[in-house]
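You will see two complexes here that share subunit A, one where it goes with subunit B and one where it goes with subunit C.
== the complex of A and B ==
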């Protein structure tokens, strides 16, 4: 602490000077906050004000700066001082804008500002400069698992950006499913006719790049490390294992076709003339420029029926519940195979909802209609082995049976995401060895992570994705799922997706090289550190880390992989012995802020409500409440936190036993449709709070003094409302007895 | 059975019905059916008619009175997201049904259409008095007298305000040379017959 010098700058602009007694705030910063330099300025974010701070940093060796002005989310470009620890004490959105401008409120508003100054100074005092761990070097090599459209596109995009790529393809050829198509749905105007798949051109492009290596008939035997220093054992065609290092990984393992043999109602397998879409592509490729014949007897095809949603969008057991997205366009394209060859062939597409996503979709649909493809809105109940199609026409509301020469079933995509590690974990818990047999599937990445060999699955077997906020990010930092392993999609969408994944992989490896965090705290240099001598090896941090960043070393102590870490602090919140912290964000910085707040004694009738607000959603919502001049309870003291997951129960217990009358935790919606940037933070917080009830009761406190809430960024009316309700509740149950 | 959902009737409609080649472009959204002010009064809204054409239901479509109910309000055309000229197709289908002799018997719109046409062709102008009288007696003599008596008040009012000239019954006004008009129409009908024949 000896070589630190702290300064506090109090802005009087935006009405702060008129509403608050800045001189008194300066006094508090000097006397209670122990700031060595305290300055007031009329307009801190203008060039002159910023220069004043800059001069102090340069000439006075100031390295801790408390800026008491607007919210930390405002004026970030003006107040941007590298290598300096900073606290942004929020007097504008957090104080004057949420309080009425009248004589009556003046005293409580001033007290609010004073407390925030105390808290800001306390935060600074316990903050250290973040430095990064230097765990890894820059590695510009990207591992791409899967050589289909997505994998090939990622490789080409990475190579074009000047990065090295290695493709691991388990089959003997690049191209994946797209390589088995006669044509694809068009991707350029006028979107009227089936187009060339361009797989050959992509293969040629990959051949031409010196920096793209392709391993065919190869798999990944083992993956370990972290972004910037991944190490992969590649089981090559020759049977030998090659170990290479990579900066980032793209998983483009695509999909398997749904097994149409499950669809007994459609007699798949009972007649050679009932095929799935892949089967029709094979027939079309075999026919070349000639007419597609009936596979059973080589006869001319006069009438083709396409059954959409075969085994998809279904609630039946063993069928797919989701829409695979590409099949309507694919059926239109396949109907064109017939119509373009001979317009007299009847082609009928039976659908319940025709879905042709993408820019080409609607135009391509019209083109199909123009070419005379018949579209019937109906549900097919049965296809018999002699190709009688039974359907209910939903427009004419009648049951119909018709005869076809060829039936094409539009079955769906089943993602090839490897092992469902969550199922493995829960089975281990429940059934032991018996469950091992149930775990079908072959691991794709064979990750040497404590948390399992593949990335977590989101739903329906699709690989992980933060579907609301950043769809590319998975819970395995530096590993990006792309293409049909991430969600159902067609060739064009897979290409676009793969280009994005390549850029994310580049970003991840460059960030890792600089010791910076990936999304969403991108650029953050701090990382978890732990006091080994205090650790009890309880493993709670390794289990609760949403990103699998923590392994165990040989002595069973946690081993932090900095560049896998997303800096949410869930480990810090989990640790029962409080040994995990970040340099600039720790139990100390939070705890001292909580302590710094002035707690008036019981008889002053001025309660204190501590609010720990998620910096991603709840805090911006509060800023917006300020901008909208929504007033709220003056006894609220808000501390922004990285994630509710970083809140250790001990902090909350300390707060209520040191005189706070209520504690509110403001996090994101949790559960299946979670919005938490760190996936499980809000959920963990709710769980932890449910467990401190007994402790509170033991202290003679009402459990309702501690309330976790799920709020979203749009709740700018609701959050102030919740504050006010908490104020009313305290009025009812009385002040905390812990005021000393 | 196996004739169902073949494109035979769709092709016939495309070749013979005014704007019939639009029928295949319908995407079955149902906006036309929801927009039609006469919706509750017909057996089949346009959406269904188009689906029936695609389902090869020739008899059912052409004998239906649905398309005769169209009042040409153009709501469906204005709203169709696929920009189908639905009103025109409805009239085209009605006309084609009549030419084919399949239009429903005693369909009032069809009857009125014929009366109007015959009236117009005589002098090249519509004689409203004669058309009105013909309309009263469309369903028989007794019915006609009853209607005429019921409407006599309206007739007298129109006469007093010079909205109706009783002398029109004796011949009425017309264009200078109705003979030439009739020749033009005849020629047009021959041309159309030749065109349909060639199909």
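== the complex of A and C ==
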């Protein structure tokens, strides 16, 4: 640390100067914080204040800057100094705005500010400049697994942006399910008639791109590496293995049709005239421009009944609980196959909720009505082998029976996402070596990742996705799922989705080339490093990384694969021997901040409550508490953290055994509807805290002194209330016996 | 202000809602130069006014925070607020946008300390709360506002309050002489992400929105659930009493030739969410009731679970009916819904405390009113079009400007649009290299 020069700049604007004794803060920065330069300014974020800092950086070689002013979330455009380590000590939202402006509160408010100065200086002292890993490669080649409409679209879109793509398709031709359709639902106004699938045009486009390679009858035998340097073994048609390198991967492995043989109530398989939607497409293609014939006897169809939600939106075992989204429009399109050819054919669609959203959906629905398609709101209970459709007509409120000569079952899409690795992991825990035998399904990616061969799945077997705000974010950096493997969708949506996935793949490979983190810490150049001599090869880090970033090397040491890493620090929190750190975020930067805080002795009755707050949600909520002038306990000391997953139990134990009266961990909601941006960080923190209870008891400490909480960014009132409750609890159970 | 620094390798994104923000950041994080234009004083658009998202019941501000942080950290992305596009000239790879910047009356010195708002007295309708609340003439849209900079209502200019605001500002941020200006911005490609507005419920005469205080819209209901919203998180009637018997009318002005003929896709899910929020709001108190009058419940794909959960809630009733009219009970003054439950054909006249109209989305700027030639569909959405001279050229719709979408699909769509813009830019760069 010989080349460092530290400076602390204390802003007196926005009321800080009036509410706090800035001179005293300067003293603390100098004497306790050991800052080589300490300056006060009336308005630090204006041009003059910023110039003052800039001059010190340029002329005095300052490279560590503590800005003691407003929140790190405010005035970011003013305090933007590249190549400089920075701490933003929050005296505004974090101190003066959350304390009453009265004489009585003055002393504790000042002490709060002083502690934050100590902590800010300590953070800086142990911070190093992020330098990047130096392992960066740029590879502009994207591997696309699956040659259906989503995979083909990804390839075309990527190629149009100037990137190379290779499609691996397990069947003998491109096109997937869309290639087996007579027509598709329309995507262009007036949304009135079935439209060309355009699969042939897409195939031609792919042929025309020199930079798009297609392997048919091929699979991915093995995938290793990381964004920028993925390596895939492609098992080709000829039986040979071709190994190629890729920058990013798109998984577009689509869906399998739900097996209608499971639907005994609908007599599928008992009559050739009961088909699923795919079966109807085959009949329509066979018919060409002519009439669609009954498979059983070749007679022209006169009366066709479509049964919507066949085995879908169902709570029956073996049926699908979800809605596949496209089937209502698909049945309307299929009814039009009949009506457009011969308006006298009777076409009836039996549905519970007709789901044709948007202007395209509604216009198409109306077009179906105009063409004479009959829509019946009802629930079909049975289709007999002689094609009697028994239903409860919900409008007439009675049981009725329709005789059809062709029945189409609108069955759903079942995602083809490969192996459910979470099920495999739990099997491993339970059954040890036998686990392999139990693995259901065939892997799609065959990743050589420590955490399993495919992407984690959500409920119903869909490939993991953040789902709302960041739909492409998966738990495998640089691998993006698109199309019906991610959620049920129609052709138009799959094409849209595939263009987005192509962008994310491009972004991932470009960022990997620069050593920059992917979402959500986009641009972060830091990455985990470990002290090898201290590592006990316990594998906690490889197990707990939410992104499967860490493998084991030949000597069984962790291998961090930094372009797979999202920089959350969960590994750092997991490590029992504390050997993992980031240059700019480590057990030292956190531990020293915790130590730096002044702990008054027991008799002063000034407890200390350490708050480790998620910087993504809890911390912004606290800023907003400040903006709303919601006051809270003056003995709270907040440290923003990347994710609660980065909190090592040892930090918490050290805090409570060094005099803190309480420790609160503020993270995001966990569980199925997790809101943690790093998926499992918050959950890990809760789990770790549940395991230190005995340690606390052994030290004679009440376990309730350590509290993990699930909070959201909107808990602007609740978090201060939790602080106050902790203060009250300490009042009840007494101060920590560890004040020295 | 001088013209923005932009070239024909710049992507201009018009509209700073969730689609525009997503498109802009995704493109910028691919290394492209991006300018994001927003007509309001802060980014976030309609989603910033939502309290919670379906189906995870999480807060939109959580995702916005990440997006704002990505924005702050990215030197490739410039944001202009209070900016409106008058005209787009040129062709793919070579556009010029004529943009008006409205005065904010607050410059970049602003620290968001709030002294100006404390100093002024006059109050104005708060757009963020759909006029259900008042705000000061010097204000921050919300505590999540980005840019975090105050704004002065033009109506306050020339009043004593304006001078008070100026006097209260210790950092010389209030500039009452700021003028509207017009700048021109070069671009290779444009992403049009101007989003939606709620359909004007006044037009649906039978539903009495304009004449019954206890008939509100879904977007207004949403604001009530925010603890910092107009009712402090309580579900209230106009007279301040709690609404415990709430009717939701689906497809209010949607799927209807008289109003909007399209389906907005989100309103069913929004109403289902609202019933869950009622349960949250009333907690252990079981004395509440939600009645959903619907044509079809469109809880599409994996989120049908959410629908099933609400169906299992004993306090929620589903009535298959397009409501004919909303009248007023002569004695209680409460709104009464009249119609026929088509399941079994039962007539009803049901009295409720509060009626929520699930109004749909219409494009904020209809396709035929755009400042450039673009192809629209019959509902005013911009037709999807691969870049073509006959079509939309290098201008790409993103999000609800192109189709009625939920947030997830809007972000997907915007991410795809970002790539289509990048394709144009990469072609321009390779030609010029």
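Criterion: the second predicted complex is superposed on the first by the 728 of 740 C-alpha atoms of A that agree within 3 Å, B and C clash if a C-alpha of one lies under 4 Å from a C-alpha of the other, contacts with A are read in each partner's own complex, and residues count from 1 in each chain.
FYI, a residue touches a chain if its C-beta (ideal position, glycine included) is under 8 Å from a C-beta of that chain, and two chains touch if they have at least 3 such contacts.
From a predicted model like this one, the values you see are computed outputs, not experimental measurements.
Peer 1: With the two complexes overlaid on their shared chain, look at subunit A and say whether subunit B and subunit C clash or fit.
Peer 2: Subunit B/subunit C on subunit A - steric clash.
Peer 1: Comparing subunit B against subunit C, which has contacts with more of the residues in subunit A?
Peer 2: Partner touching more subunit A residues in the overlay: C.
Peer 1: A:123 in the overlay: touching subunit B, subunit C, both, or neither? Say first, second, both or neither.
Peer 2: In the superposition, A:123 contacts neither subunit B nor subunit C.
Peer 1: A:502 contacts which: subunit B (first), subunit C (second), both, neither?
Peer 2: Touch partner of A:502: subunit C, not subunit B.
Peer 1: Kindly classify A:276 by the partners it touches after superposition: subunit B alone (first), subunit C alone (second), both, or neither?
Peer 2: Neither partner.
Peer 1: For A:471, is the partner it touches subunit B (first), subunit C (second), both, or none of the two (neither)?
Peer 2: So A:471 only meets subunit C here.
Peer 1: By the touch definition at the top of the document, which applies to A:40: first (subunit B), second (subunit C), both, or neither?
Peer 2: A:40: touches no partner chain.
Peer 1: May I ask you to decide whether A:522 touches subunit B, subunit C, both, or neither, giving the answer as first, second, both or neither?
Peer 2: In the superposition, A:522 touches subunit C alone.
Peer 1: State whether A:375 touches subunit B only (first), subunit C only (second), both chains, or neither.
Peer 2: After superposing on A, A:375 lies in contact with subunit B but is clear of subunit C.
Peer 1: Using the touch definition from the top, say if A:460 reaches subunit B (first), subunit C (second), both or neither.
Peer 2: Touch status of A:460: second partner only.
Peer 1: Please indicate which partner A:669 is in contact with in the superposed arrangement: first for subunit B, second for subunit C, both, or neither.
Peer 2: second
Peer 1: Which one of 57-65, 75-83 or 129-137 is the stretch of subunit B that crashes into subunit C?
Peer 2: 75-83
Peer 1: Same subunit A residues contacting subunit B and subunit C, which ones?
Peer 2: Residues 354, 366, 377, 395-396, which sit in both footprints.
Peer 1: For a test of understanding, state which residues of subunit B touch subunit A in their complex under the given definition.
Peer 2: 1-2, 4-7, 10, 24-25, 27-28, 47-48, 51-52, 54-55, 82
Peer 1: For a test of understanding, state which residues of subunit A touch subunit C in their complex under the given definition.
Peer 2: 13-15, 43, 45-46, 70, 73-77, 92, 157, 160-162, 187-191, 313, 315, 321-325, 353-363, 366, 377, 394-397, 458-460, 462, 467-472, 487-489, 492-493, 496-500, 502-504, 506-507, 510-511, 519-520, 522-523, 616-617, 620, 623-624, 627-628, 668-669, 673, 675, 677, 712-714, 716-717
Peer 1: In the complex of these two chains, what residues of subunit C are touching subunit A?
Peer 2: 18, 26-27, 29-31, 51, 53, 55-63, 65-67, 69-70, 72-74, 108-109, 111-114, 140, 143-144, 148, 170-171, 226-228, 255, 261-265, 296-302, 304-305, 308, 320, 342-345, 376-379, 381, 383-384, 403-405, 407-409, 411-420, 422-423, 426-427, 430
Peer 1: Could you pull out which subunit A residues touch subunit B in their complex?
Peer 2: Spelled out, the residues of subunit A in touch with subunit B are 303, 346, 348, 354, 365-366, 369-370, 372, 374-377, 393, 395-396, 400-403.
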